[in-house]
Structure formats: structure tokens, C-alpha cells
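Before any comments, here is the structure.
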Amino acid sequence: MSSLFDGGISVSIFGESHGKGIGVVLDNLPAGEEIDLDEIAVFMARRAAKKDGTSTLRLEKDIPDILSGYYQGKTTGTPLAAVIFNSEQHSQDYNNISHIARPAHADYTGFLRYSGANDPRGGGHFSGRITAPLVFAGAVCAQILKHRGITTGAHIRFLHGLKDEAFDPVNVTAEQLEAVKSRSFPTITDEAESAMRAEILAARDKLDSVGGVIECAAVGMPAGVGSPMLDGLENVISRLVFAVPAVKGIEFGTGFGCADVFGSENNDEFAVRDGRIVTLTNAHGGILGGISSGMPIIFRVAFKPTPSISQPQKSVDFKDMTEQELIIKGRHDPCVVPRAVPCVESALNIALVSALSYEGKL
Amino acid sequence: MSSLFDGGISVSIFGESHGKGIGVVLDNLPAGEEIDLDEIAVFMARRAAKKDGTSTLRLEKDIPDILSGYYQGKTTGTPLAAVIFNSEQHSQDYNNISHIARPAHADYTGFLRYSGANDPRGGGHFSGRITAPLVFAGAVCAQILKHRGITTGAHIRFLHGLKDEAFDPVNVTAEQLEAVKSRSFPTITDEAESAMRAEILAARDKLDSVGGVIECAAVGMPAGVGSPMLDGLENVISRLVFAVPAVKGIEFGTGFGCADVFGSENNDEFAVRDGRIVTLTNAHGGILGGISSGMPIIFRVAFKPTPSISQPQKSVDFKDMTEQELIIKGRHDPCVVPRAVPCVESALNIALVSALSYEGKL
Amino acid sequence: MSSLFDGGISVSIFGESHGKGIGVVLDNLPAGEEIDLDEIAVFMARRAAKKDGTSTLRLEKDIPDILSGYYQGKTTGTPLAAVIFNSEQHSQDYNNISHIARPAHADYTGFLRYSGANDPRGGGHFSGRITAPLVFAGAVCAQILKHRGITTGAHIRFLHGLKDEAFDPVNVTAEQLEAVKSRSFPTITDEAESAMRAEILAARDKLDSVGGVIECAAVGMPAGVGSPMLDGLENVISRLVFAVPAVKGIEFGTGFGCADVFGSENNDEFAVRDGRIVTLTNAHGGILGGISSGMPIIFRVAFKPTPSISQPQKSVDFKDMTEQELIIKGRHDPCVVPRAVPCVESALNIALVSALSYEGKL
Amino acid sequence: MSSLFDGGISVSIFGESHGKGIGVVLDNLPAGEEIDLDEIAVFMARRAAKKDGTSTLRLEKDIPDILSGYYQGKTTGTPLAAVIFNSEQHSQDYNNISHIARPAHADYTGFLRYSGANDPRGGGHFSGRITAPLVFAGAVCAQILKHRGITTGAHIRFLHGLKDEAFDPVNVTAEQLEAVKSRSFPTITDEAESAMRAEILAARDKLDSVGGVIECAAVGMPAGVGSPMLDGLENVISRLVFAVPAVKGIEFGTGFGCADVFGSENNDEFAVRDGRIVTLTNAHGGILGGISSGMPIIFRVAFKPTPSISQPQKSVDFKDMTEQELIIKGRHDPCVVPRAVPCVESALNIALVSALSYEGKL
């Protein structure tokens, strides 16, 4: 079997945490799309570290330098390359752990995968820092979607036992999705923000970390986009979402809740409203048979607690095969979930642009 | 960007429920692998309908005809094509609903996607019947994995409020995985089987349906297989799993449970046992940074209740845009989960062979 | 790097000369295209063996059975699978040469590539017979192109020192391209036909074979299709053309003649004719920077003489590494070039549909 | 159909002639390959402009900056990104021709392809300058091949009626291939060099340009690499070679000469020499059925004369659709063929590493 082209958007993300630079090449973007660089900066700032104690104090000035594919404020249609040069590199912080596997990190598996030749400094290519070019790509795609009336957004739905209000799966609006983006902490309610901030700081004080669940939605997506089998929207969104480090699960619509209900409860009945076919409920999360139904696309993504904790942990030096106690130094996020919100949106944005592109609908 | 080849295993699944035939072409399989056709028949029989009331009474004689790529009992390395000819086609059962969207089915979205040109009979290309070639592919890959000491298996973990015992994420064995396959109902315990069978029959009697969660595992997978970002094991397994109709979620290791624990609880400490690096717990589900850790791979998949229920439902005729009451006739599974167990295993088998192939490790 | 979909038309050709069947799965075809099966039969008949002595006397009834992706006379948009079952298999003809490499055939290289597991009967997957599904795919694509006013055609330009008239690279018409298709021997002139027929029969009488050059053209192709670098029309047409066995070269426009002229002779000046931008000459063969210019696409393909000749040849038994004299029995084409004409057209048809599809222009 | 990974080496080349930078991301390279940067500089210098009058006087300091995928002198196995920043940009030279199509250039076709949004300065993404990252990729691959005893090389075989000696298709050695690389002009003989240099200077003096044919070879390639149909070595080499601007043809082994010989002349007989299977002649150019035979791989590539000539030419302003006389200013190569020699080698190097990688043979 041979496909004659690479379909949809091609995404080539490169870089190591402590190398010269990280970046992305996006190919197959539509030509002539206006891209506002200030909007990109605002989008990317949501991923940047905060000084409020909820994230690492490491400063990242992740201003991407667009090298190609962008001319007079628009995409050219040729490959768009963007690079973020690494400036501050504290490799010495990591020197003492170079061959002791940090639990729940990819130190050991990465060493095996690359026969010991990979750059281990700061997690190398496995670092959460590599999500910066992903978010850049997502910010570009957000604008391409916006030109077509499609808006995406996300918030923290759960965090260590705490809940935020959910998006209304039938009636969620673009305004509601945008509203979360303007908050300094990505929840819908102030109550959830206060409680979750306190929980993250408490975890930090215990030298520990917490995970959470992000809920993500898209509104304005036309019905009829996506394909059955391996090229459905769920397949492609999942593939992209699992590119974000620390993701361990994804569910669409009712998701795992499906296991506890009857078909008569889970089936979304169709109706005509304002001359448009809709469903009265949205257990299907806006996707049927891999194809958009025109209802809001809704899914949730599970993030594990930050693996880097400052408590002593048992581990192994994978070069000399000895058991060792490990104490991780350096600065780390006690919870990656707030900064992961634009990462999940970005995965969705890239997936939707890609599916539209693949079907000649951009 | 251009990749010069199609990497890993290429899977080309074709067919409509009521067309001439359905099938699959597998490309890039290793040459010279012995494939036992009787084992394939046994594997595929697990997907076939049962006469015990838990599934449809439609008889499917899904014996695949291998047309190419197989010679003297072995794969040739050239494309392996297998076809299942459709014999029994009761298209008349579906005639009265051809333009009324069945809730939770892809009738409406498929109509839009294919501009009304797709074959609607029996769900067409969206039919669950199309999982037969997927399971054939999975059965072939199971044998390729077995030649390398890798065993996969699955069972029903939850079904409408009922639980089966879980696989032990650290110590699950190939024998335990094989044991489920020999049971007429895919649970670990007899108690779960009885309770779940009763629940399915009760749903059927109410003209309703139920969903569930399948837990799937692989043992014997060598550490170091998979890649970060978009080509990790989680990415590829997910993409394949969402090809199975009715799947609405997937989680690896602790999965969504991550949101409720501390990092110190979720991190799996490393140790040396019998000269091998292991983790003492397996919250990571055998995958770190997209790469196998050598621990059992464990994930769970959520299935929605069968959309086809015999109760009256509100819907819309999407050709004339009128609201209609719909009563679905014909025979339908009150629960697809038992028959979906080999489908989930197949998705995993194809993903693992593909990842091994892609990295030149077959 | 990761492309998220397989772009353009995906082509999955399978089969061995003496296996159960050969066929093709075409994915990503547009939905709702009317496909006339009689036209396909006529197209494929041009590839079939002739009883006039210019080709093998083996009868091939290559009537494809469409299994999926085709409903009520139109493509459904889902994968279109077509199978040709192998009926007459004279495996005994090949028994005596199974491990002696036939010169200029792939017996030895195929044996190495597939570790000795490939099906050697009748050339297996390397047989010229595998062009039948390629030509089926080309015949389907021809109709998709025709719906958009694009016509392709080809003829034998050279054959063992003999020439046919060339297509006029600026003014060639759809009518001229169609005219060749209705001839029993694919030349433009009667003179070329008589001379070439005589040459082929003479080669046969000497137990020898001859090669030739096919010239292929497309008219009606809109300007602006194709991409620079690896996804240009020349790249994709070449990749497909080299899938036809016995092809050893391809050149576009002036091709190798470029080496002998000045830029001032080879540059095609632009002009406006009837409100349309044209070039006054067509040394560029209708493609500039990988992109169609709106002028006729013109290229030529070199075919080697049929490797199977009945004269004794020196060779090697690649299993026991002994030098052997080889006499090839069985019936063989003294020249594959006449039957290869629709193969080259098919490669072009698939390439053009694929490029149009990839860019959302179908 | 869906391939689950991007196979072989993925190549993502980006950049515009007068943008911020050009570069390449190479994915799927083997980990732990020693790459000598000085050797890369030497390789790339062969593509650089010469001060001897045979090429443009524009100075290009094309020293690539490796941003990722390279650590402690070795590939890491993660994506290798390299950027060349554009320093000298004389956009004003091109201002007067921005909408008048330069004959034989992609100005008009590129404008249509990208809806007028592409960067036209200096040819933009269509500029010959974009071959610099291709040659960087080729230089990296050359070292990966060298580690496995495979050497490639090329020379100018024809140039405007003048010939260089040919490589001996059976006995060409790695030493002979290396010898050409150390010459300031890429021919085998001094006589060809003098004659061709004079011819190029004469063309320049006439404000004209010339094309030529490059012959390229690989020795040491193991037999059994490549695949039939669309993934053969000829298919992949061709696809890559046509990425080099100005290429209009490619032929392997006897190539177009096939049309004039009998099968008995063109078939290469097999023999055993020093316990190895060889062919006594090499009309097949080292590839049979898309698969390497173990004999030298030999092919020739046709280049058109440089389109940019300083003579007045007739053309069209494609914005206002008026016919115009065009005089191209600026500095241009009177012949791109000498600088294209490492480009053709690079295409081959990438193709061979990719095919080896795809089949798990690196």
C-alpha cells in the first residue's frame, strides 16, 4: 500500500530541552491565511510558567521566530518553520541524575529506545518544554479555525478531588470558551480556581504533585468532517493529545460513563431546530462514526501528577544496574494541568485543521 | 514534509455490510512468518455472534479467503489480502429507515460526509461487521507477536455497574491472558460472567442495550519500543482502538484515576529483579514517554451501549428535514462488549507489530 | 515528523501471478463519481494479450470484481476494492527454473528481499500480471478526470530503432489522444504500426525481444496543481510510472534533449491567447516547479526488452550457488510495450487524481 | 487505507530564498551515528558558488546550524533540525519582475498554486537556494552510508554536446567516486573539464545558459534492498531527484538506450565470482524489480539550461494579463549542472538510507 502524499497538516516538532533550539515545521497549511503574531503570543503565554507558585519559577521566553512560510502577515502555503532558541540552560541541575531513572519519566525508556545516544539533559526531547512548538502550531491553527467560525477552548474539570463546573455539552458557546482564556487560572468558576490553587500549593509544600482532568470543546465545527475507521476525528484527536507529556487517558462525550447507562439513556435523539438538524442531548460528544455531527465536540483528558517530586524515591542506575535512592533537585511544576490547557486545545486545533484540509474543506 | 514510505504495518480495510465482500490488505508484514489458519479461525470465532442471547442471531460465517501474500503456510512479505464474501443480506430489514437517522449511529454524519453517495444498507461501511477484517488482521499479528514471546489478552472489566476482577498490573501472566480466551464469555471470574450475562438479557428484555469497559493487556513486550510525541505506543494504540465502532474512551495505567492521587502515589519506583529493571507498581501501564518500559501494557476502553434499540425514538428524516418517530427493526446485539473483546486485542496486536516493524525490531 | 493522514489517493495493490487473486484497494476517492463499468472493460482490454503474435498467447480474462466502495453506479467515497481471481495457472511451466535467476528478472533480488519466503510461481508479486489492478485503478481515475475535462493518452514513440510521429506538445488534442485508444496497435500512424508489428514478430522469430519508448500526454489539466520539492507532479508521476515493470527511464518535455540546447532555445515564452496565459512552445512538458502550467503534460517512458527470451542464457542457481545454463520455457511477450501503453496512462491518471485530491481540487 | 507511521527517513525542507532562514528536519535517523561536521562542510562546499565564472558571484555562506537531534558528535535518533540563516538579501534586484513570469521558472505556476500568497522574492520556496538543506541532509546520509561500506558519487556526463568518460557500470570503485569529489570541477577527465568550462563561459558571454546530464553511482549497496511496485529504489530515487530544481529526466542502467537493443543484448547474465552472485554486465543499473542486485547502482539525470538568462524574453504580467518584454537582472549561474552534482548525490543518499531504514536494515 502506498499513499502518494502526506495528508492533512504535517507536523514536524524538533528539539531538546537543553539543546540550541526547539521548533516546528508545519506543512500543507492553506495559503493566504492571515496570522496575527500578537494573538499567537497571547495564546502561548497561557502555557508559560506563572509566578503564582502553581508552576516552576524557571523563566521561559518562548517567543518563536518564524523562519519561513509567512509573508506580509499571511501564510504562504509553503512550509511554515518556527524556532524558539534555548537561552537559559541549567544543565548542572541535572548532572547528578543522568543515569538514575526518575520514576514516571522517560529517562530509562528513552535510553533504551535511542541506544543511549539521546540527549538526557533536562529530559531532552521528552521534556515538557517541547510542548511550546506544539502550542505555537495550535495557536496558528486556532486562527485558521476562527476564520471559519470555529472556536475551541478548555478548562480544568477535575484536580485532585476538586471539580470545576462542566461545559454544557449542548449549549456551550464560543463566548464561554473565550472567557476561560482570559482568566489567569483556567477554570470556569472562581470557586474552583481558589480551591485548586490552594490544592496545588499544598501539594508543593508537601514536596509532592497532583494531576487532573482537562475538558475541551469546539463549537462551530461543520457537520460531516472526519472519516470512519482509522481516520476519524476521535482517532486523530487522540493521536495528537497523547503527544502531550503526562496524558494517560481521553474520553469523548459520556466517555467511561457509558458503561453505566442504558442505550435508551445514551442515545441522542435528533430534532430540527431553526432549520438545522441537532441532537437534543450530546452524549456522543459531537462525533458519530468518526465524523462531526455539528454538535459541540466535547472530550476530557486525564493528566498524571507531575513525575518530578522532591521527595526521596527508590530507583535504579540503568547504566550500572544498581538500586539507588534518588532526590530530584531543580525547580518543577507541582501541577502541569493549568499550563497543559492550551496544549490540549492545540492538539484539537491541529486535528480539526488537518481533518478539514484532508477533505479539501479549508 | 514528506515521508518517503508508509511506515509500520499498512492496513487497508474495505467493505460495506451488504455489499459483495469485506476485507483487508496488510502491507509491510515480515516475510516468512508461519501463520496457522486454524488459530485464526479460533481467534475470529470469539468475535462471531453467539446463540446464548447476548448477541444478535444473525449468522455470520466469516471465514476469510486469503488471496495473496501467503504461500506454503507463511507470509511472503508482499501484501496479504483477505476477503470475506457477504452471503446473507437482509437489506429489506433496513428499507424503512434509510433516511431517518438512527440515534447514536453514523447514518446522518455518513450521509453528509459522502454527499449522500455512500451505501446505507445495514450501516454500510460504518457497520460493526467491518470489524471482521480488523480482527483477521489482529489474529495474524497475534501470531507474529507470539513468535517473539509477546501475548495479549482482554476481558470485560465493567458492564452496566457490574465488575470483573482486574488484571494484576504488575504480575499478570500470559497464561491468565490466554485463559480468558478459552471462556465462552470473556471475564476472569464465573461470578462476573453470570451477573453480566443476566444484565445483558435483562436489557434485551427491556428492548434496551448496555455498554461496558474492556481491559486489555500485553506481556512479554520488550522495553524500548515506541517514540515520543506523535508516534508513541499510546498514540498508535488509541488511533487503532477508536477504529472499533462504539468506543468512546481509552485510558492507560491509572488513567483517569490520576486526577485523584499525589505524584508520590502515582510514580512507579524502579528496582532490579533477577538482573532486570522493573517497576514495583505499574500506574504507568507499561508505557513511559510513548515507549514500552518492559512492564505489562495495560489499558481500558469504554464502549457505549449498542445504539440499535427496539424502543421508539425521536429522530429526523435528513432528506426531507422532518421530525419522525423511529422504530428500529431487525436483530441487534443488546451489548457489543463481549464480541468487542477480540477487536480491542486486535487493535493492540496491530499497534505492537507496527511499532516493532517501524523500528526495525521484527 | 508526522503526517496525520495518508494524502491523495491511496493505492494498495496485492497479488501474485499464480495465487488466488490479484487486486487493488483505492482509498480517498471522491464520493458520488459515476463510474461506467463498460468503459473500464474497454480500457482494460487494451492491456490484455492480443492474438496477433505481438504478445503472449496466454489468455487472461481480467474482469475485475468490485467488492466495495461502489453503489448504484457511483463511488461511495469509502475504499473501493476490486479483485481479479486467477483462473488459469500453469505453475508447472516454471517449476524447472525456480531457483535459477532469470536474467533481468527479479527472481534473485526478490528471493533476497523476502528471505526466500516469497511466492516464486510465475514471477509472483513481480509478475507483469500485477499491472492489471493498476490499470483498473487507472481506468477508474480516467473517468474521474474526464468528468473534469481532463483527457490522457499515450502511444509508442520508439521501438527498436523505429519511430512513430510525436504528439504536438503545444496543440495535441483530446481527440488525438482518444484516437490512439481505438486502434488495435497503439501508434499514431499506420506506417509506424506496420513497421513495429513486423519488428516485434521478427524479434519473436529470433527467440528474442525488443523494448521501446512510450509517449504520454494529458490535456485539459488546470494550471496550478502540484507542489514544489518532493510532491511535484514530476515526482509523483515518476514514482507511479516506475511501478510498471520494465520501466528504466522517464523524461518530461525536452527531457534528456535539454543537455544539448541553450536556455534561450529551451525557455518557453509566455503569451496571452484568448484571455488565457499560455506558452508558445512546450519544452517544459506542462510542469514548472512541480506545478501544472495549463499546457499539455508530456513525458516519455523507456521500457527495456522483455527479459523472458527463449534463447539459452548463462545464470546461477541462487540456492546452491552453481552456474547454470537456463532455457526459459512457456509463452512470453516478445515486446511488452504495446500492452504497457494503458499502464503508463494509468500511472498518469492516478497521479493527477491524487494531486487534485491532495489539494482539495476534486 | 492507513499507514500507522511515516516510514523511512522523513524530510521536511522549509524556507524561502529571501526569508529569515532555510532548513531541514530529518526524522527517523538511526541513533548514535557519528556525524563529522567538517565532512559536512566539505560536502556542502561542492554545492556553493564558485569564483571561476561558471556560477553566480553571489556569495552564500551556507553553514548550517544544527539545533537538535545531535549530541556529543552523534545523532540522538530524535528529529535533527538544521537551519541556514539568510544574510545577504538583494530583494531589490527582483522588484521589477515580480508579476512578469520568468520563462521556465515557477513564478506563474507558484502564484496560481498559492493563490498569490507565496513569497516571490528571489524565487521564494522555488529558489535553487532551497537545495542547500537538501544537500545538508544528503551529507548526513552520506556518512550513515559510509559507516556501512556504501559510497556514492556523481559527475557531469554530458554538457551541451560535450561528453565526459562514463563510470564503468560493472567495475566502478569507491575510490573513483571519491576522486571526482576532490576536483574543482566534477568531471572524471581533465579534457572534459576544460571543454565544459569553456562551454559554460561561452554561454555566459552570449547572455545564455546550458544544461547537461549528471551520472550518479553507488557502490557497496547490499543486494535485496527495495520493494516492488511503488516503493522500489527507482521510485524513491526518482521522487527525490525530481525535487532538485531543473531536473527533467532520469534513467537507470541502459535507460532510454533500451529502446534500441534486443533482450539478448540487454539481459545481464548472472555468474558466481569469489563466492558472490554478480552480473557480467550491468544494463539493469543495479536494480531489478525495484530491489538492489548488489551491482553498482547507476543512473543519469537530465538538467535543463538555467532558466535565468539575460537576453530579452517575451512574457506576460500574470496580474494584469498583459504581454511584456522581460529582461532579467541580477547574477545567475550560466549552468547549474556543476553545483547540482552534490544535489543528485544527496537525493540518492537520502533514498538509500531511507530504504535501508524502512526495511529495518540500518
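Per-chain numbering from 1; labels A, B, C and D assigned in written order.
Note that in this section a residue touches a chain if its C-beta (ideal position, glycine included) is under 8 Å from a C-beta of that chain, and two chains touch if they have at least 3 such contacts.
This is a predicted model, so every value here is computed, not measured.
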Exercise for the section: Work out which chains are contact partners of both chain C and chain D. Expected result: A, B
Practice task
Identify the chain pair with more contacting C-beta pairs: A-B or A-D.
Solution key: A-B
Problem - Furthest chain, CA centroid comparison against chain A - result: C
Practice task
Indicate the whole-number Å distance between the mean C-alpha point of chain A and the mean C-alpha point of chain C.
Solution key: 45
Exercise for the section: With chain centres taken as the means of their Cα atoms, state the distance from chain A to chain D in Å. Expected result: 39
Completion exercise
Distance between the CA centroids of chain A and chain B (whole Å) is 26
Handout entry: Multi-chain contact residues (two or more partners), chain C
Key = 1-3, 6, 10-13, 25, 27, 78-79, 113, 125, 228-231, 236, 239-240
Fill in the blank from the handout: Note: in the complex, chain D contacts chain A through residues 1-3, 6, 10, 12-16, 19-23, 25, 27, 31-32, 65-69, 71, 74-81, 83, 113-119, 124-125, 229-231
Handout entry: Interfacial residue positions of chain C with respect to chain A in the complex
Key = 1-12, 25, 28, 78, 228, 231, 236, 239-240, 350-351, 354-355, 357-362
Exercise for the section: Using the touch definition up top, name the residues of chain B that touch chain A in the complex. Expected result: 1-3, 6, 10-13, 25, 27, 79, 101, 103-106, 108-110, 112-113, 125-126, 130, 158-161, 203, 206, 208-213, 223-230, 232, 234-236, 238-240, 242-243, 245, 247-272, 275, 277, 279-280, 283-285, 288-293, 300, 302-309, 311, 313-316, 318, 321-323
